[in-house]
Amino acid sequence: MSEPLPSFLGFPDWAPERLLDVVDLAADLKGGRARGHLGGRVVVLYFMNPSLRTRASLEAGVARLGGSTVTLDAGAGGVWGLEHEDGVPMLGGPAEHVREAARVLSRYGDAIGVRAFARFKRWEEDRSEPLLRAFARHATVPVFSLEGSCRHPLQGLADALTLRERLGDPRGKKLVLTWAPHPKPLPMAVPNSVVEAGALLGMRVTVARPPEFGLDPEIMAAARALARARGGDVEETDDRAAALAGAEVVYAKSWGALGCYGDVEQEAIARARAGARWTVRPADLEPAGGPSDQPGAGALFMHCLPVRRNVVVEDAVLDGPRSVVVQQAENRMWTAQALLLRLLGGGVARPAARPDDGPLYA
Amino acid sequence: MSEPLPSFLGFPDWAPERLLDVVDLAADLKGGRARGHLGGRVVVLYFMNPSLRTRASLEAGVARLGGSTVTLDAGAGGVWGLEHEDGVPMLGGPAEHVREAARVLSRYGDAIGVRAFARFKRWEEDRSEPLLRAFARHATVPVFSLEGSCRHPLQGLADALTLRERLGDPRGKKLVLTWAPHPKPLPMAVPNSVVEAGALLGMRVTVARPPEFGLDPEIMAAARALARARGGDVEETDDRAAALAGAEVVYAKSWGALGCYGDVEQEAIARARAGARWTVRPADLEPAGGPSDQPGAGALFMHCLPVRRNVVVEDAVLDGPRSVVVQQAENRMWTAQALLLRLLGGGVARPAARPDDGPLYA
Amino acid sequence: MSEPLPSFLGFPDWAPERLLDVVDLAADLKGGRARGHLGGRVVVLYFMNPSLRTRASLEAGVARLGGSTVTLDAGAGGVWGLEHEDGVPMLGGPAEHVREAARVLSRYGDAIGVRAFARFKRWEEDRSEPLLRAFARHATVPVFSLEGSCRHPLQGLADALTLRERLGDPRGKKLVLTWAPHPKPLPMAVPNSVVEAGALLGMRVTVARPPEFGLDPEIMAAARALARARGGDVEETDDRAAALAGAEVVYAKSWGALGCYGDVEQEAIARARAGARWTVRPADLEPAGGPSDQPGAGALFMHCLPVRRNVVVEDAVLDGPRSVVVQQAENRMWTAQALLLRLLGGGVARPAARPDDGPLYA
């Protein structure tokens, strides 16, 4: 049993080595080279927004480690929303303040996962993860993000594992994160975490998006610094064709426009103007010289799911041999397990280790 | 540990021997003659529609076998609905396709149960169980029905166990499935599965219903063939009194009218015309010669629950000694356990077996 | 393993000794002087209304005892409401009667917890806990309240433990339950149970409230008789200042007005007239002689949570050193565990006991 680590609301909260250690442990759990156990610990999952993968991967992953989950759906009638601003008279809206909720749930659970999507009013607010930060500030057990208003670090960890499984050493390889059409404005949590995951692995990350859809400059600058320190880079462009050239991975995702953040009408116009040419098609994955005879040639296709077929990406890509979206989703469970084992100081056994190889539990 | 079996969306998916083996195992689990264990396996339960018995019996049953459930409520804000048509641009409605959901949940769970009620648009569509079939086609673990748009096989298994417990050898005995009034049009999943359960047991099944409420001819024909091969029969009639004469079991259930399927107005007229004379009353259970002095004489009363009292059936029947509705509901848990043990190749111990009686685990 | 005890819908259901035994056991579980185990038992939690603390404390508490919970949210789309009146034709509203639900859930679970808030139509109805009583009458396993329309005994048990932890011997000490403002009329379940908990501990309980907000006279009379028999008393007053003088504990809670029960408009007027002077402020906790130099001097502050900050009570009180609201909430888990161990006859081990100290399991 190691020391419990502090809360985990995004990649910048932890040193790169700690993040890579989680990815390593996830790979070992998946490959049967390590067995984890949570020894009856209880993980509280507090969802302010709907979830399929995050919820199912956590519930299944914790159960498979011998722990239990307590899942609370704030949106589903079962629980209520939470106030997180300090000093306000709580006359309307939420009946409970995060100050109480975080402290109380800390008495029931050994860790608390929280999902709170962007509110799409002001980017400065969403950027600061107000609800998750408030939870972490008031909780007395580790808090981790089940997707916040600015980052989705569980997705980033799963994507890092997938990239390593598929690319071997990803350093210096080209990952293109391409904006995609969508009927609704979506948060920037996933794209931010994808860029950070690519930077962590030392990849050459190119964000291709329409002019209005640039990502947050500060987050990009920090990711660029990290990437460069690890042999990669981060750049942004609105030249989609140039970005796709030479890509080894094409990661599609829709997100909202920073320039008109919270302005539903202007945002819809920007999305409509960008239009269907950003839908990912089979040709977008083809190697530089055009279609190849070699099966599996071309870029890998990634998406965090759920994905709107034939809007974000065509069926032929999703159902083709270069799509790794299900592998990404599976890796959500292994990386969540690894994160919780580290966050809670759970036990990790190495079944293959011989007694004289050293301690069985690390 | 035996080989995992394929998906189970309705009785016709499995050979009669396999179905009866599940009923046998359920009886042994209930009687303490067998103990099952799922060894930490995870069962995903995906509900597109509300549930009390199915959900509670599965969650409790799996926990009692040492497994875990991950329950996802698509309707409750916690999760979203699923698209199941292929090739459509997913611009509105569901945010996820069953192709992804089924493959992803297969990575988290060892089996997936799915509930998807009839959509009441076109019977040809509901008859084919489009969502469940799509789930089973794309999943890589066994899929089983938590009630589909055409069948409710978990109910059928529980009813088969109940009929055997109450009747001993049910072969040749008369089971009357009688249509009943209801304020809303209901699916045909339960009546179809009740007829198939009676046929499996070789009973003489009579479906009594108003003229507009005949069940699907193909399903009835297949059930009739099965029943005849096993010493019974299946027939339909609108002569309620004749049907009830000599019944050993009266199973009440409301369902919609095939002739005006999806036409809410015409359907309501048909239901109103049939009216209250189809409500089950104490006299309907009386033996042929009128009320008997013998306690418990007359037909058994069955219903799948939930039941609208004094609409479908009068209090005096439900609260009387011939009602077995709670036993049916209890058997939902034992048959679900038996099904999952077979579906997942779980372990079954026979505590009473002596070592020389053969292998302890079958 | 001891004998299972009957249902627990409120303090009056059990003898004072049994209630205190639960509080004692909870203290021992919390202090590590006892370890409980539920041996795989299944507890069904049926919520007709939302819950955070009750749900999370039960789910976590049962998991930590090696049991499982099956949680059903009647309001959340996952399940339906229940009819509890007898003899009615169930043409509209709930699709299931509590007669069936209680008997069926008794076959799946080893105990059933039910939450059913006041309907706010007629006090005579809410006072009788109609839904919980119906559940208990028809169930064949122990039923316990997750908060009813008249009492919240799990809160009362947790508060009793908190009062004992904080006050040592609470006999004769002054507990002031003060009405508080709130944007909506709230049930009387918590105030009734707080008074009963104070009475059980032999405290001098004073209920301070505006004239229109007196509690039920019969419940108060019974609590007064119990309190007097145990060295305390129960009184009511609308003189807030006099009530607070000499208080060792100030328990704030809002509740509705009996005089205009179910009359939303009149009730809102009564609440508005009482107004903000009932908000608890730091000065309300000060010792008789004014602010003290001694840290922690003055009354303790209690509330059941969730609490509307700066409406019911000011931030400075909640965030100050005299607030024990989180301790109260934590004690919900320990007392729920103790209750279930007694209700289900679960095992209790005393790790510190030497073999010759007597039986290990009590």
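General remarks:
Here the chain labels run A, B and C in written order, and each chain numbers its own residues starting at 1.
Operating definition for what follows: contacts are C-beta pairs under 8 Å (C-beta built on N, C-alpha and C of every residue); 3 or more make two chains touch, one makes a residue touch a chain.
Given the structure is predicted, the values throughout are model-derived calculations rather than measurements.
Chain A and chain B carry the same sequence, and matching their CA atoms takes a turn of 120 degrees, rounded to a multiple of 5. Counting every residue number used by either copy at the chain A-chain C contact, under half are found in both chains.
Rounded to whole angstrom, the centroid-to-centroid distance between chain A and chain C, based on C-alpha atoms, equals 40 Å. Touching of two or more other chains is recorded for residues 73, 76-77 of chain B.
Residues of chain C touching chain A in their complex: 47, 50-53, 55-57, 59-61, 63-64, 66, 73, 75-77, 183, 305-311, 315, 318-319, 325-326, 329-330, 333.
Those residues of chain A that touch chain C in the complex are listed here as 40, 42, 44, 68, 70, 72-73, 76-80, 83, 86-92, 95-97, 99-101, 103-105, 107-109.
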